[in-house]
Amino acid sequence: MLLIALIALPLVAAGSALLLSDHRWRSALLPITGALHMGLALFLFIRPEAPLAPLWLDLDPLSTLVLLVTGGLFFACALYALPYLRMRREWGNRLMVAGQLAFLSAVSLAVAARHLGLMWFAVEASTFISAPMIYFFRNPLSLEATWKYLINSAVSVALAMLGILFIAYARLSGEGHTDLHLAHLLEHGTQLDDSWLKAGFAFYTVGFATKMGLAPVHMWKPDAYGEAPGLVGALMSGALAAVAFLALLRGVQIMDVAGQAELARAILVGFGLISIVIGAISMVRQPDIKRLLAYSSVKHMGILVLGVGIGGLAAYGAMLHLVCNAFAKSAAFLLSGNLQRSYGSKQLPDIQGALTHVPASGNLYLISFLALTGTPPFGLFISELLVFIGALQRHYIPAAVILLLSLGVAFVGFLQAVTRATTGQAPDARPAFRDHWLLVLPPALLLLLTLLLGITTPPPIAALLADAAALFEVLP
Amino acid sequence: MNLVNNVLILVVFINFFMLSSSRLVPCIRAVSLQGALLALLPLLTHGFTAHTVVLSCGALALKGIIIPRLLLRTIEQVGIRRELEPIIGYVPTTALGALLTSASFLFANQLPLLPEHVDSLFIPVSLSTLSSGLLLLMTRKKAITQVLGYLVLENGIYIFGILLLEAMPTLVEAGVLLDLLVGIFVMGIVMHQIHRTYSDLGTEQLSALKE
Amino acid sequence: MYWILSALLAFAVSGILGFTPGLRQRLGTALHLLCHVAAAAFGLYGLYRFAFSPLPDLILFNLPLPLGELTFRLDAISAIFLAPVFLVAPLGALYGLGYNQQHTTLHRPRKFRFWYGLMCAGTVGVLTADNAILFLLLWEIMAVSGYFVVAAEDHTPEAKSAGFVYFTATRIGTLALIAAFALLYPLLDLFRFPAAGALPAHPPLVFFLFLLGFGLKAGFMPLHVWLPGAHSAAPSHGSAFLSGIIIKLGIYGIVRVTSFCAAPPLYWGWTLLGLGAISGILGVAFALAQHDIKRLLAYHSVENIGIIAMGLGLALLGRSTDNPALIALGLGGALLHVVNHGLFKSLLFFSAGAVIRTTGTRDIDAFGGLLKRLPWTAALFLVGAVAISALPPFNGFVSEWLIFIGALQTLQSSLSDTAAALMVLPVLGLIGGLALACFVKIFGITFLGTPRTPAAQDATEATWGMRAAMLPLALACLVIGVLPTLTLPTLQMAAHHWTGIISTYPTPLPTAIAGLGWVSRIALVLIAATLLLTLGLRFKARRAPKTDTWGCGYNQPTARMQYTASSFADGLIGWFRFSLQTKKSGAQLSELFPKPGQFYSHTPDGVLERLVLPLFQHIENTFVWLRRRVQNGIISFYLLSVTLTLVALLIYIF
Amino acid sequence: MLINALIHTLVVLLLSPLLIGIIIRVKSRFAGRRGAPLVQPWRDIWRLLRKDLVISHTTSWVFFVGPVLGVVVPVLAFLFVPLGAFPAAISFEGDFILWLYLFALARFATAAAALDTGSSFEGMGAAREVTYASLAEPVLFFCLLVIARLSGSLSFNGMFGADIAAMWPTAGVSLLLVALCWMLVLLLENARIPFDDPTTHLELTMIHEVMVLDHSGPLLGLVHWGAAMKLMVSGALLVRVILPFSTGHPGFDIALFALGMILLAALIGVVESVMARFKLPRIPQIMVGAILFAFFAWILVLR
């Protein structure tokens, strides 16, 4: 019952946001719904309740993890949105608030869905909802970014739909009758027809890999995250990428059950390595701070997929990486939004001396740089180390070498940007938008969470991560 | 059974027409005709059950009427009639379309089909519509034609979906159609914006975002 | 052991206290200093208590670190490395107090104090961490705070680029360490450091990864590219800590890692010896060619690291050929030189900082005649200079003497065996000669003669705070120089903890003990005689008439006619032309009555400017070109890539 | 042990100027002149010590430390050196390293004192002195390595003790090379003709003399005295290598040692009058040659 409430609540809030006329009330809706949603998610995590329709909506360890991440992330972004939307009064927040709330419900639905078709519907809905949000700045560049995002995602998710239908047909030819409930698919995995399943998995992976922004098909990501406001970038890089990753892993689960585990693993490792390499390479000498974060997100998605592809310790590392990367990446997006606003541009030549010009955001941006490049006290260091050790244990030596080199290249790229942005002479004019405490608190909290995950992993979370990783343990 | 095959052949002809024609309005009418034809298919294959009736009415209403009217209204606002020279020209696109269709027919009979589906043209036609939709998307420059390409892509997947009706309960099927509507609606808004900023629906200007 | 940890916390707290903003800044600085002194007191007391227990002291906190657990260990090796930390850190804070009052370049002293405190805490943590994860965690904290110390004056482009090179080099080092520890993971249970001699010898890859990681931090010759830039850009007390203590952590890492293995293979010893020799000779050669006083001192750190590496190489040779005397003397010399270098290098950087503070520039050719204006600083600099050139009455000589004796233990071995280690003697001799030339140059041209610029003309003595910071260091150098036998028991214990064989060890140091006894007596006699005679002569010359220096009849000598840094070292630079590639301009007088000419020579850092920077530039260009190809903005290209990936996947599957 | 030390100090303090006298006497004999009396160096030093001195106002206390260390260091160094068969006052493992570094300290002090006057000539002398000395260090190390390897001990007593005679038949060639290299270094360190002319007045060509240009009165006396003692200290070792015979009877050994020293002084006198100065850039080439010879001697011994 709570699960349905979890999904319906944001939808209702989105509806009422459209109706509400008063500006302040509308933006107040965001944190309230965010808090409620996060409370529900935590409650479901602590005392999982018997699902009403197990075949349709249920939470397994992986989806609880993603739900918690998206819930926490949304609440932080909602807090950030309050002052942000007040600053950007001229563009009106009706579209943005409704869109975000609808986005949250679509994401929750996708996470909890146990029916492939339902999940597909939720992901497709979240794509079309997030498209107008990218166009928030209403300038030609963001228009182009929205268009590219729309066409790319629409086509890719359509291909994913075809993949799902192929899987259904595999079941049909294997068993005579077919339905797309994940539980049934996992039970009758062995009877699935091989060639249809493999073709289906191919379409399925390409579809959701594009949605996630993995390398050969990542071209839309730098444009979309680069031109979207920091708030939307944070939400999409944290929540949407995690959901796409979850969808991708559903396909991997089916392939494992059907005995095609090593093929799925090979594809995942392939995608992972290409994304790590291209992500790291594109970060070097990048003049635009948001596009830099987009490429870093491509690299981190690569690490996620690589980790799961390798399995064992690396899978656990990948799960931890999912959480830490979501928090650190969205904090970085929010902060780069602050920098862009106070300097009036996001091109590096214009941003200088952030530490003195906008002290709070500048220092936090520096800390987020340390977090994202895997400096030890932060969680990303532990997760990348785990993926690296897992790769060595499973004798993926070239993968380990590429991972290490790409960490170095990404670090150099990011450091070039950060040194130019934070040090040097700050422009003497007062910043256009000063740092509001609510603009700085959410990223600080997110970074604190990453730090805590780096120092100690409390037992319940460690258990959750282990269960989530166990879902992909290859049965020998 | 041959009625179904005839309908599918008709769909393939519409694909070719779409690839070769340069005028927008006839293309939109062709897509709506294709949508209407597809809406009839579930009735023909699975007879009159509650599920199929709802599905075909929804598809007919959506693909046949609402979406084409939406696109036509956008065209009037924008006021352009003719697609400019596509990236690789009309004749090569059609040739490529024909090539892909024959390839999909060949590919289809290698696939291990169920006995009752062997002689029906469902899978080859769906693959050929899919490939011509992708072709349209990739070769055309106008935003409108890219949306049409996307619609043809959706029709291809829809054809394949008809085979597996019992896998997709009505609720989910309705969801898919709703998604399609929302998608086209959002694309319409964005096209309107493109027209307002670039006064032309061509996507050449839409390549400023590069490294 | 608790004392050491409380020292670590006190350092961290001092950092945080140093950050207090606004009007309570003076209170903040005072508290910062107080915490530093308290931390030093805790630390030194902890070391004192430890000195009397032969077995290493282990503490385990059961805080669930994600991979390892929180364990700290104090044994003789880390105790020796910790000793200079607890001396130099508080003196640096004290020096900083004086340095900031008059000096306005450090326009963000708060930020500097915060990172300085954190860096000290990180260093103490690294030296006592007992599992790989905690080691890497504290190593990176120390590296990150090091970056902010180097880039403290980041409004200058030079500090910014130095900081960038430093941080990239440190990060590459950390990645190498991560790879090495990960490769070792199957052998260590949950990343805990094994007991000495527990593991079989590391495979070559692991050893060279460790060497790369720790070498980058220590600054061996080819890997030293970041060192001169970083140490000259950092404020003086920052670079004193960086140069005196932080680069020693690279050495500590190598010592700790090589102690894991029971029988290290021969090539370890030879690599370290080779690296040490190259770093030593080329380090001092580059130092000779510098004009900037802090870059010069930084290159000397490379040279001294070379000497320490040679001592360590000898110790490793000893372990591979099971020659206990070689182990004890080689390691003892290396560790004592670590402590000594920590002391006199910090002293030199402090005094150089005082000179820079008054003259406002780092160029040696702008100084001159500062002895009369800064008598205290000059005397302290002289002590540091004599100590670093390893001359008898001071501590530099004692540690090099131990390394010499260590090398001589291989006297009777055949050529195939370890006789080549004897080459250490002539190499050290050459390094010593060149170092002496270099420090005569700096001391002579900076403090003696007549002031060359008006800035040097009206230089003022350093504040009391700065002098108080320098005096204990000079005294420490003298004490170790005159009473070296005090250090032998700890060095002996360090050798035991390093090789893991505690009991069955004959103490091969008796030869050293006898020798050091005489060395201290000779040093005492030397000091006494020199003081006596100099005072006597000064007394006799108190009424002597004062005239101009005898210029062989030329009666208008000007300050510019004195020897400068580049002319003094011109002969020596000539020998190393190939490796230094010094660019000289001017100095060719063409006509009979030549017009006023100007001679200028500049020596870029060879490895950095000619090899590393162009290579990185080239790689970056190819990356940018590749990115421009992939991200070309045409939407149909993006869709094409989606379809191509789909087709590729299908082909791969069927 | 104290008496031994006392004897050593007295010998080096009193007898060293005699060597200078002998060298001057031999050179003047070559030039056909009768030459000054042998005791002239003593008289000069005594005269200078009693004169007043003139100080340049640019100098400081460092100016005084130069000559002082110039005297103290040779005296201390001589304690390690065995006089012929007569054992050294102090001997311990590795004392030759301390011996070498004591002379390095003296060089540091004299060079610093030279720079203190602030004159370009003295800077030139200091630069040259320090440059060439850094090449002399490796040569000395190689020679001492060879002798240590042959004698098997690490202190001067053991190395230059009784059994040098036994070494000649077995490793004659390398010992000869060692003696030759040692002679070269001796000539360079003590500013003798082929490398530096002690009696020239042309400052541009000097190395050692120009460093003490400004020293006057007692300081100049100390400088000369230190130079003489330095010559005796390094000479004593060279004599021990060339005349290794020891008859066991103390009186006879002392006489043999004295004779050796006189012969050495005469040899230096001959070399000075026969050869002319090398061009300054030639000096490093010769020293590198000396290093290679010494290295070759060591390889011979090592094989």
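Labels for the chains are A, B, C and D, by order of writing; each one numbers its residues from 1.
The criterion applied here is as follows: a residue touches a chain if its C-beta (ideal position, glycine included) is under 8 Å from a C-beta of that chain, and two chains touch if they have at least 3 such contacts.
Keep in mind that what you see is a predicted model, and the values were worked out from it rather than measured.
Trainee: Ignoring chain C, what connected groups of chains are left?
Mentor: Without chain C in the graph, we get A, B | D.
Trainee: Taking each chain's centre as the mean of its Cα atoms, which chain lies farthest from chain C?
Mentor: B
Trainee: Per-chain C-alpha centres versus the global one: which chain is nearest?
Mentor: C
Trainee: Given the two chain pairs A-B and B-C, which is bridged by the higher number of C-beta pairs in contact?
Mentor: A-B is joined by more C-beta pairs in contact.
Trainee: Could you give the separation in Å between the centres of chain A and chain D, each centre being the mean of its C-alpha atoms?
Mentor: 79
Trainee: So, what's the distance in Å between the C-alpha centres of chain B and chain A?
Mentor: 31
Trainee: Can you work out the whole-Å distance between the CA centroids of chain B and chain C?
Mentor: Chain centroid spacing, chain B to chain C, equals 71 Å.
Trainee: Counting only Cα atoms for the centres, state how far chain B is from chain D in Å.
Mentor: That gives a centre separation of 102 Å.
Trainee: Name the residues of chain B that each touch 2 or more other chains.
Mentor: Those would be 134, 137, 146, 203, 206-209, 211.
Trainee: Tell me, which residues of chain D touch at least two other chains?
Mentor: Answer for chain D, listing residues that touch two or more other chains: there are none.
Trainee: In chain A, what residues contact two or more other chains?
Mentor: If we look for residues of chain A contacting two or more partner chains, we find 147-148, 151, 155, 195, 199, 222, 282.
Trainee: Throw together a list of every chain pair that touches.
Mentor: In this structure, the chains touch in these pairs: A-B, A-C, B-C, C-D.
Trainee: Sort out for me which residues of chain A touch chain C in the complex.
Mentor: The contact residues of chain A facing chain C are 147-148, 151-152, 155-156, 159, 195, 198-199, 201-203, 205-206, 209-210, 216-217, 219-220, 222, 263, 267, 278, 281-282, 284-285, 320, 353, 370, 373, 375-377, 381-382, 385-386, 388-389, 392-393, 400, 404, 407-409, 411-412, 415-416, 419, 423-425, 453-459.
Trainee: Give the list of chain C residues in touch with chain D in this complex.
Mentor: Listed in rising order, the residues are 368-369, 371-372, 382, 386, 389-393, 397, 401, 404-405, 408, 411-412, 414-415, 419, 422, 425-427, 429-430, 432-434, 436-437, 439-441, 443-445, 448-450, 511-512, 514-515, 517-519, 522, 525-526, 529-530, 533-534, 537-538, 540-541, 544-552, 557, 559, 561-563, 567-572, 575.
Trainee: Could you please specify the touching residues of chain C with respect to chain A in the complex?
Mentor: 63-67, 133, 136-137, 139-141, 144, 151, 154-155, 160, 163-164, 167-168, 171-172, 175, 178-179, 182-183, 185-186, 616, 620, 623-624, 626-627, 630-631, 635, 637-639, 641-642, 644-646, 649-650, 652-654
Trainee: Under the touch definition given earlier, write down the residues of chain C that touch chain B in their complex.
Mentor: Those residues of chain C that touch chain B are 624, 627-628, 630-636, 639-640, 643.
Trainee: Residues of chain D touching chain C in their complex?
Mentor: Residues of chain D touching chain C: 52-62, 64-65, 67-69, 71-73, 75-76, 90, 92-95, 97-98, 100-102, 104-105, 107-108, 111-112, 114-124, 126-128, 130-131, 133-138, 140-142, 145, 148-149, 152, 154, 203, 213-214, 218-219, 284, 291, 295, 298, 302-303.
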